[in-house]
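Mind having a look at this structure? Questions to follow.
Chain IDs A, B, C and D follow the sequence of writing; residue 1 opens each chain.
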Amino acid sequence: MSLTFCGIELRHPIINASGTFDAIAAQRAFGEQLTEHFPFSAFVSKTVTLEPRQGNPPPRLWELPGGLLNSIGLPNKGLAGYLREDLPKLAQLPVPLIVNVMGFSSEQVAELVQAFAPRDEVAALELNVSCPNVETGLIMGADPQELSRLLERVRPLTEKPLIVKLTPNVSDVAAVARAARDAGASALSLINTLRGMALDPDSGEPWLGGTTGGASGPAVRAIALAQVHAVREAVELPIIGMGGVQRGRHAADLIRAGADLVAVGTESFRDPAAGSRVAAELDRGLAPVRNWG
Amino acid sequence: MSLTFCGIELRHPIINASGTFDAIAAQRAFGEQLTEHFPFSAFVSKTVTLEPRQGNPPPRLWELPGGLLNSIGLPNKGLAGYLREDLPKLAQLPVPLIVNVMGFSSEQVAELVQAFAPRDEVAALELNVSCPNVETGLIMGADPQELSRLLERVRPLTEKPLIVKLTPNVSDVAAVARAARDAGASALSLINTLRGMALDPDSGEPWLGGTTGGASGPAVRAIALAQVHAVREAVELPIIGMGGVQRGRHAADLIRAGADLVAVGTESFRDPAAGSRVAAELDRGLAPVRNWG
Amino acid sequence: MTAERVHAPFGRRAATVLAREQHGAYVVVRCEDPAGPRPQAGQFYMLSAAERWGGGEDERPFLPRAFSVLRAPAAGRELHFLIEDVGPGTRRLCELAPGDQLQLVGPLGIGWAPPRRDRTPVLVGGGVGIAPLAILQDQLDKPHTTLLGFRDGAHAAGAALLRNARVATDDGSTGHSGLVTELLRETLREDSQVEVYACGPPAMLEAVRSLCERTGTPGQLALESGMACGFGACFGCVVATREGYVRLCVDGPVLDAARLSTALTPGAGH
Amino acid sequence: MTAERVHAPFGRRAATVLAREQHGAYVVVRCEDPAGPRPQAGQFYMLSAAERWGGGEDERPFLPRAFSVLRAPAAGRELHFLIEDVGPGTRRLCELAPGDQLQLVGPLGIGWAPPRRDRTPVLVGGGVGIAPLAILQDQLDKPHTTLLGFRDGAHAAGAALLRNARVATDDGSTGHSGLVTELLRETLREDSQVEVYACGPPAMLEAVRSLCERTGTPGQLALESGMACGFGACFGCVVATREGYVRLCVDGPVLDAARLSTALTPGAGH
């Protein structure tokens, strides 16, 4: 059941979605068992930014019907802290490491890409482009031209696979996918969370400290499937599909719709070992079609 | 609890979402009781197109976690059939009538608007702009310029309120709302359904006869709330908010986020009298804030 | 026998479960519906459990589910439904215990037309499709033939819910070994003055339809399709007829066989 | 008393409900967890019902819910949880009957630190926050004082789950009429060589924290915040400390009072 994705050898097609599994914290909670039964075939880090961020004020979570709305705000130690404290630990994981990075300008993204380019511990980079470019005010991943300019700037900086993580909050995801391909993306991942909001039942004020948040989980699965399908019709790049995967059949659906790998996000919150479970269910042939391997 | 919306007197702030209640069919099922207990303060027709449409091949429905994916395909009798067969019946309803229309070019929309302009039975028109303009290939409601051009063409054709129903499948709904306001929209309604897809568990092929469909219901409620909020921050036009409303509190949330009226869609499928229930719950003050009346 | 569609009270109402009976692979749920009228045979109800309708497979069910009324004894306020567990909605309903609450909307749709004076009704049921034939038997006041087909013995236990039924099973464990449509073919051969009332899976209904067509026998078919609302609101339940798509929930679920060029409706479930 | 975080087995596992006991406004669910270790006092588990987790108010619950372990008798494999019905998740758990299955992940987080040699532990609990004090009592091998506060008599029934507790109720129906923190203030006045172990609603914890600060008393506070995962994956459960945000599920739920400038955590629930 092993496969190759952008030249990376993987044991199975199930990885984690960025920001939904902290391997270092999970080791504190589960001890050595985590490494013995590591649920994913590659580990994707939570988004790393240039500067440290403490994230949004709580509350950060709101439960949806079949889903979750989060406004975490990308807390992280910043590039330097990540390189110093996290990377050495993550390099010990039994699977390849994909580092997810985000910048608020193409210069910031370039700096991040450059910093990871020489790191052998890092198998690939995932670019989170769901944030506004402070220079143009546009969400980098919502506008094909904006995204092209970004990729043209950073693509030459590394030989590593550059996975572009698309935002689902667009009218034409295929157009963005084509722009990413033309500007040299090695692969695409989708979907990121859908913009949503909740009000405090008592006060009527926004519940989330960050006012709006991102919806994930089963509630967005059909939307993810449609977007993966639309992107697959548009480009031949490898695709990491995600959004609401809970079971092998959901992964099989995404693969059927065009994904090469499938990431499990919110479901890991319900079942920390969801990744292995989904991989096993997929392998047991809950999948009507298996087009990998 | 009565209120005025675009000059139309309404008994309460709850109306139906287009395409989710057929008053004529409901009369066949429920008889006279329907008129006695009509659940909405105005009736919005299903989308009317110039030519008759039979709609998409079945299956047309797929159940989501807390929601519904539909690919109905806008079946309707066409303008002539609607004027001849439906309008006389709908004019008998105990509430004002809003006719929802859609064209595949601005000329088609113009023809529809012109046809309804002289009809006293029609209190307002709602423009469904979630379809592609066959001339440009762009979704009319996904592109601010495209929408401006459409409204500039049709706005002069009627004095009736023109409600523009926005599509949620956009990166910046506020920009579209501003374009609609600038081009003369009387009010905005949102959200329409979110593009989604499902695969047949047995065959792995697309389940829906129309391949993709639109997601509605509680699963999209948080997304609706965020978009209504974003539009309210951008424009002062009256807003009809909708998306996943099941209870008075959900309507109150949309009103709190900026809606003037609230439409109930999918919940009517679960409870045909949902409209009255939501209105009563809202009135009983499940609403933390009541900014109508 | 009521010839006309019975109107449903407007809205959704609660009904208390009185009993849950297992009949082989099927569950009969009896409930008390004090606020509703007596339905026409062949009409259906949209049902959901008042509590915990959701949280099953794939975080479903969410929408109510359509069920033919199995029986509605003229005296009293009881409604009986026959349910086969095929997914999260039917599973939840099969778990209901006496005292639990159902939510229901109905009776809905157009049921069976009364029999023609000059023909003998032949009732043909397959699997859980026997449900609308039970209430039809209750209301038919003339001699008739009943033919039922099931997958196996566990399902054939459902036959006890009807009177004087000839049974066929796919695996031969009870009655005729083979398809119920083989029994129908036999019956049609013996008596040409019959008319058919049929409900069952698409393949069975299609075999019945084509037999009726070939032999010029009048037939009524109770079809299934995925339904969200049951009262014409969603346009989701259409089936293709010779006149185009019709909404099964308001124009059916019973359709004259002659209106169809096929009974193989996509997405009908089973 | 275990001083260290006990690791959870990796993944979610099933546990069978052995008993459901009503204690006034609270429900105690006892289950058998054959595959798990004995937890440290103050640790918690993420719980969900194996069946029908969903379909309640607002089509929830969906995520598991956090519960302190109330008791984990050293002999055997039992885990006890104290549950107050405050929403769709707790409602579903309160309905569980013997034989039903729970899904659980745990034990999680860092529990109570063992008592200092030179100080008398004072356990202060409010409402359902008494849960982690019961297991603490079980493991404390030195004399201690227990002060519990409740809204009313129905809730004060929970006091019977602990030993030798002084009780305060807001409505005066049982014990001291007023806040449990008034009892704490009294205790601190009588004996300065104490340390505090507290769990309860934010307002109570904040009063305890500020009393500790003002009197220089060491205190440990078991906090609550909305949690999606319980094992550090989502970054959703942060509370503000003097050092910045910390994830309560991996760095708590027990925090040294001195680390906080307030215990009033937004969105903590109640």
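Miscellaneous remarks
We take it that contacts are C-beta pairs under 8 Å (C-beta built on N, C-alpha and C of every residue); 3 or more make two chains touch, one makes a residue touch a chain.
For clarity, every value in this text was computed on a predicted model and none was experimentally measured.
Hopping across touching chains, the smallest step count from chain C to chain D is 1.
Judged by contacting C-beta pairs, the busier of the interfaces B-C and A-C is B-C.
Each chain gets a centre from the mean of its Cα atoms; for chain A and chain D, those two points are 34 Å apart. Chain centres here are Cα means. That of chain A falls 34 Å from that of chain B. One finds 47 Å separating the Cα centroids of chain A and chain C. Residue positions of chain B with contacts to 2 or more other chains are 64-67, 217-218.
Counting partner chains per residue, chain D shows two or more touched chains at residues 54, 58-59, 61-62. Arrangement of the chains shown, judged by which pairs touch: all-to-all, with no pair of chains left without contact. For chain B in complex with chain C, the touching residues are 19-22, 24-26, 28-31, 33-34, 36-37, 46, 54-55, 57-61, 63-68, 70, 72, 75, 207, 209, 217-218, 266, 268-273, 276.
Of all the residues in chain B, the ones that touch chain A in their complex are 62, 64-67, 69, 139, 142-143, 167, 169-172, 194-199, 201-204, 212-213, 215, 217-223, 225-227, 229, 244, 249, 252-253, 256-257, 288-289.
Across the complex, chain C meets chain D through its residues 51-56, 59, 61-62, 92. Listing the residues of chain C that touch chain B in their complex gives 5, 7-12, 48, 54, 58-64, 103, 105, 108-109, 225-240, 244-245, 247, 249-250, 265-267. Per the touch definition, chain B reaches chain D in the complex via residues 65-66, 218, 246-247.
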